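One chain, chain A, links the two complexes that follow: it is found with chain B in the first and with chain C in the second.
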Partner chain A sequence: MKRQKTPMVLKIKQVITIIIVGLIVIWFLTPLVLITISAFASPSDYYQIDKVIPTHFTLSQFKSLFFELEAWKAILTSIKVAVVTMLLSFVIGLPAGYALSRYIFPGKNFLKLLILATRMFPLMILAIPLLIIFMRMGVSDSIWGTSLAHTAMVLPMIILISSSILSGVSVDYEEAAMIFGLSRIQAFFKITLPLALPGLAASAIFAFIISWNEVFVATILTLTNRTLPAHILKTAMASPDYFKFTGGFIMAIPAMVFIFFVRRHLVTMWGISLK
Partner chain B sequence: MKEREGKIRLVKVKLKGLKKYFGKVKAVDDISLEINPGEFVVLLGPSGCGKTTLLRCVSGLEVVTTGKVFFDEDDVTYLSPKDRNISMVFQNYAIWPHMTVNNNIGFPLRIKRYSQKEIEKRVNWAAELLGIDNLLDRYPVQLSGGQRQRVAVARAIVMEPKVLLMDEPLSNLDALLRVRMRAEIRKLQENLKVTTIYVTHDQVEAMTMGNRIAVLNQGILQQFGSSEEIYHNPVNTFVAGFIGSPQMNFIEVEIVSQGKELFLKTKGLEVSLLDKYKDKVSKLSGKRKYILGVRPEHIYVSGRAQTDKVAATKGKVYFAELLRSDTVLHLEKEFGFLVVKAPGDLKIKEGKEIEILVDLLRIHLFDKDTGKAIF
Partner chain C sequence: MISFSLREKNWIPYLLFLPVLIYLAGFIGYPLLKALQLAFSSEEGKFGLENFITLTQDSTFWKALKNTLYLLITIVPLQVILAFLLALFVNSRFKGYMTVLYIISIPLALSDVSAALMSYNIFTSHGFLNKFLMKFGFIENPIYFFGLGLSSRAFWVIVLTELWRATPLVFVILLASLQMISKDYFEAADVFGFSKWQKFFHITLPLTMPSLQSALLIRTLFAFQIFGVVWLLSGRDIPILAGEVYYQQAELNNFRLAATYGFIIALICIIISWVYITLLRTKHLEMER
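And then the complex of A and B:
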C-alpha cells in the first residue's frame, strides 16, 4: 500500500509551489515594472544615481516621442502590419491546418517537418535577398512587404498550432452538420470554427505579437513606413536612456491590451474549455 | 403521442453490391439489401464488422469503393450527405456543444430556411415527444447522457427525413434507460413511419426492435430476415452462434444409418432424425464432417419437456448458474460441455448426474468446413 501524505507534507508542498510561482512572476514582472517606472521618470530623477525609484514623473518624453519623433505614425503602421500578418497567416494557415488535421495522406509527417524547416534559415541570410526581391516586386518599404515577410515567419507555427487545435474538435460535429444540410465548407464555418475559436484566438495573439515585436526584417525592408520597433530602434537609439524606456513601454502596451482582450476567449467559452 | 401533420414520404432503400475497402481492410464487402418503405431494419454484428461503415455509405459521409445506393429509384451513390434528405443519430450523439438544446434541434430547420414560427412549432413538437421540452435553454454540457441522446434523436426527426440512420444510439445508457428508450424509439418510428436503419451489436436490442435484421460479419452480409427466421433458421454457424444467449451448443457428429433410421452420433449422444430432416441429409454426398447445433433452451431437464420427440442422454452438472428466471446448467459430456437452460425454479446441485432431453424438432445441422446450415 502506498503511504498517505501527511498534512505536513502537503503544506510544505503548497508553500514550495507558492514560492516557485512567486519567483516566476517576479522574473517576468520586474523588467515590466522597471520599464514602466523609468518610462515616466523625469529626466533629472532618472539620472540621479542614488535614487533607485524616481519620485518625480512626467509625460514629456511621451509627447516628444509621439509627436516630434512621429511614433504615432509608426504605431499605426505596426498595427496595420500586425493585423495584415494575422489575417494573411490565417487565410493561408487555417486551410493548411485543417487539411493536416482532417486528412491522412502519404508524406504528411514529412510535410509537417518541411513546414517547420522553413524556420531553419537565419533571417540575416534571408534579409538581403528578400529586400532585393521585394524591391523588384515593388513592395519594399510598404505595409504589404513587411506583412508578407512577417507572415512567412509566423505561418509555420500557425499551421501547426491550428492543425492541433482543429484536431481537438471532433469530426463528428462537422459530419453531423453535413448530414443536416451543410456542405463541408459551411460546416467548417458554422460548427468547427466557433468550437475552435478559443484556441485559434490564442494563435492569433501569437501571430500579432510576433509581428508587433519583430525588429530585424522591419528595419531592413522599410525606410519611411517603419513599424514601431524599427522606428524606435532608429530614432531612440540616439536619444537619452529614459526615451528608450518610454519606447519600450509604448511597445508593450498594445500587446498587453490585446492579450487582455483576447484572453477571456482562451479560458472559457460557453462554459467549456476545449483541449 | 401527437402525430405529425403533413404528408409522409416512404422511401425504399436499396444497396447493390456495396463495397468499401480501406486499403486492404474490407470493411463492407459486396452487400446487397433491399429495405422496404417504412421498415425498421437493424444491422447487427460484432465489433468491427462494418456496421458503421455501411451506415456511413448510406449517409454519404463515406464514398463507396464500388456498388450503388438507391433511395426509391434514385441513384444517390455519389450524392453529398446534405442533398440526401436523411437524418442520423451518431454513436456519440454529436450534438453541438456551442448551441443550446433549442438551437441544436432547430438547426436542420434553420439550414432549410423554415419560418421562425414553423421552427418553433416543430422544435416544440419534437422536444415534447421526447420529454425534453423543459431543457430547451440548456447547453449540452448541462445534460445527462440520456438527455443528450434524446436531443440527438429529436434533432434527427424534426425534418421528416427520407431515411433515418441510427448508430448504436443506446450504447452509452444504463440498462434501465436503455430498455425504456428502445420502446420509445420503436414507438416513435411506428408513428413517423420513416424508413430506418438501426445499428447495434446488442442482439436483444436487435431482436426486440427490428422488423428485419441484417446480420453482418467481417463486412459480409450473413443473413437478412425477421428475428424469427434468424433465430429458428440460422443460415450458418456464425449466425447460429451470434444470436441467442447462452450460445447454441455446437457438437461434432457423424451421420449413421441403421435400417430406415438416420442418427447424428457422437460419444455420449445419439440423436435420431425426424422424417422432415431425413431427405436433406440423405441428399448429402461424400464423407464430410458435420456439426450439430442445439440451443440451450431446446434441451429439457427430464420431466419438463413439452414434447415426446426427444433424444435422451445423461450428464453430470459441473456448474449451475442461478439467474432469477432461469437456471443455466453446464453439463460435463464426453464431447465437452453441454449448456442447458432450465426453468429458474429448478434446484439442481452441482455434481449431480441428471437426465436431459434434446428436442428433435429444434436441432440444426451444419457442414463443418463451410459452416453452412443443412437444416
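And then the complex of A and C:
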C-alpha cells in the first residue's frame, strides 16, 4: 500500500541527503584539516592576524619539537608502552576470550559480569595507588609501569572483543580438524587463529591506540619517561602555539591510519567494546 | 558446541581464565584496596574520615563537582540525540554511506589531547575562527575564549570539543543496534500500512532502547572521568573532579587527597551504575507481567 513517489519527491530527498552528508563531512573533517594546515604552517604566517590560510609551510617546528624539546623520546616511549600493552593484553586476554567463546562452564556468567564491571569502573583513579606500588617495586617512572597499568585498562575490552571475533569462527572447522587427529591446541593454532586473524589484528591495534591515547594514568605514573600525550599535557601550557598544533597533529596520525585499516571492523569492535 | 565441550576436562576454561584473574587481582584489585586505605587514612596513618572532611571544607571540591555535573548535563544528552540522528541517517543506507560512516568514525580513535589541540587551533586568539571573522569584517578584535575570567566561554568550547570527539562513540553503539533490527518487522509494518513515524515509534525506538540506555550510562560514567580536554583548554580555571586528582598528586604531592577525589569519582560511578541497573530491572519485570 506504499504511495508511489513522484520523481520530484525523490529528487528533493536526494538533495536533502546530499546536504546532510555535506554538513557531516564538514563538521567532522574541518578540525582535522585545520590542524594539519597549522602543523605545517610557518609561525610567522600564524601570527599574521589577517592571514586566515597560511601560504608558507615549513618543517621547522617538527624539527625543534623533535630535537630541542625531545619529543622523539616521548614518541619512542609512547610506541614502546603501546607495543608492550598490546602484546601483554593479548597474551593474557586471548585465552580468556577463547574460553568465553568456546566453553560453557559454571561461573561463566559471573566471570563475564566481572569483566564488564571492570570495564565500567573508572580505572583511571587507580593511577594514584599504582604509583605508590610501582615506587615500592622500583618500576615507577618506567615504560613497564605505564604498560602494566595500560594493560589492566585494555584487558577487559580485549577479552570481550576477541571472544566475539572467535565466536565468529565456526566451531565446526575446529571439530573437523580434531576428528582428523589434531589436538585442540593444534586446531586452534592451525584453523581458528588464521581465520580470526584479521579481526584479532584489528583488536590488537585497537589496544595500541588506546594506550597511545591514554593521558591521565601516563601523566601520573611518569616523570622523565613521559609518553607523548603526557609530555604534551605537561609542556603545552608553556609552549608557543605552533608547537601545540604540531604535537596535536603527530598524536592524531596513528589514529587516522588505524581507522583506515580497520574500517570494516569499526561497528563490531566499538559496538562490543562499549556495550 | 555443548557436546563438544562436555567431552573435555572441565577445568580447561578456568585455566584459560587464570592469567586474567591473577592480573586483574594484582593490578586492579590490590590497587583498589590501596586506594581505599589512602582515602581513609589520616596524615599519621590512622583510619578516619579526615580527608573527606578536608575535602568538603574546600570550595574547590564543590566547584569541581558542580563543573563536572554541568559538563555532564550539557554534553551527554546532546551527544546521544546527535548520535541517534546520525545513526538513523547512516542506517538509511544511501549511496556512499560507507564513506560517511568512515568519516564519522575518525574521531573514535583520536585522543582527547589531540581533540583539545584541534579545538584550540580553531578558537584561540590567532585561531582560524577569529582570523576568519576579522578578515570578513564581522569583528574588529579577536574574541578571547581562553584565559582568566573567561571560563564560561572555555566551557562552551569544551562542550563543542566533546561533542565532536565522543559523539561517534555513541553513534557506533546505536548504529550496531539499528543494524540488528530484522527487516521483517518493517515489512510486516508495511503490510499493515504503518506510517514512517509509526514505524519509528513502534519498531525502531523500542528495539534500540537497550542500546540507547547503555550508551547513556557509558557516556555518563565517562563524563565523570573527563580530564584531557578540560585540562588543556582551561587548566584549573574550570576545576573538575579528575583534574583535582591530578592536581593533588602532581602539583601538591598529596596522595591521600588525590585518592579521596578518586574514591569519590568511583563512588559516584558505582551509585549511578547501581541505580541504572535496578531501575532497568524493575522496568523489565513490569513488562513481563
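Please note the rule applied: the second predicted complex is superposed on the first by the 222 of 275 C-alpha atoms of A that agree within 3 Å, B and C clash if a C-alpha of one lies under 4 Å from a C-alpha of the other, contacts with A are read in each partner's own complex, and residues count from 1 in each chain.
Heads up, the rule we're going with is that contacts are C-beta pairs under 8 Å (C-beta built on N, C-alpha and C of every residue); 3 or more make two chains touch, one makes a residue touch a chain.
Quantities reported herein were computed from a predicted structural model and do not represent experimental measurements.
Asker: Would you check which partner chain A:M251 touches, where first means chain B only, second means chain C only, and both and neither mean what they say?
Answerer: The answer is second: A:M251 touches chain C but not chain B.
Asker: Using the touch definition from the top, say if A:P95 reaches chain B (first), chain C (second), both or neither.
Answerer: A:P95 sits against chain C, while chain B stays out of touch.
Asker: Contacts for A:M137 in the overlay, against chain B (first) and chain C (second): which applies, first, second, both or neither?
Answerer: Neither partner.
Asker: On chain A, which partner touches more residues: chain B or chain C?
Answerer: So, of the two partners, C touches more residues of chain A.
Asker: Please indicate which partner A:W212 is in contact with in the superposed arrangement: first for chain B, second for chain C, both, or neither.
Answerer: In the superposition, A:W212 contacts chain C only.
Asker: For A:L195, decide between first (touching chain B), second (touching chain C), both and neither.
Answerer: First partner only.
Asker: Just checking: does A:L113 make contact with chain B only, chain C only, both, or neither of them? Give me first, second, both or neither.
Answerer: After superposition on chain A, A:L113 lies in contact with neither partner.
Asker: Looking at A:I24, would you say it contacts chain B, chain C, both, or neither? Reply first, second, both or neither.
Answerer: second
Asker: On the A-aligned overlay, A:E175 touches which partner chain: chain B = first, chain C = second, or both, or neither?
Answerer: After superposing on A, A:E175 lies in contact with both chain B and chain C.
Asker: Considering each complex separately, which residues of chain A are in contact with chain B in the first and with chain C in the second?
Answerer: 175, 270-271
Asker: In the complex, go through chain A and note every residue touching chain B.
Answerer: 170, 172-173, 175-183, 191, 194-195, 269-272
Asker: Note which residues of chain C are touching chain A in the complex, please.
Answerer: For this pair, the touching residues of chain C are 1-2, 4-5, 8, 10, 12-14, 16-17, 19-20, 23-24, 27-28, 30-32, 34-35, 38, 86, 89, 94, 96, 98, 100-122, 124, 126, 128, 131-132, 134-135, 142, 164, 168-169, 172-173, 175-177, 179, 190, 193, 211, 214-215, 217-218, 221, 224-225, 227-228, 231-232, 235, 242, 245-246, 249-250, 255, 258-259, 261-263, 265-266, 269-270, 273.
Asker: Touching chain A in the complex: which residues of chain B?
Answerer: 59, 61, 80-82, 86-88, 90, 92, 94-98, 107-108, 111-112, 139, 141, 155, 159
Asker: In their shared complex, at which residues does chain A touch chain C?
Answerer: 1-2, 17, 20-21, 24-25, 27-32, 34-35, 38, 46-47, 49-52, 91-93, 95-96, 98-99, 102-105, 107-108, 111, 114-115, 118, 120-133, 148-149, 151-152, 155, 159, 171, 175, 184, 209, 212-216, 219-220, 229, 232-233, 236-237, 241, 244-245, 247-248, 251-252, 254-256, 258-260, 263, 266-268, 270-271, 274-275
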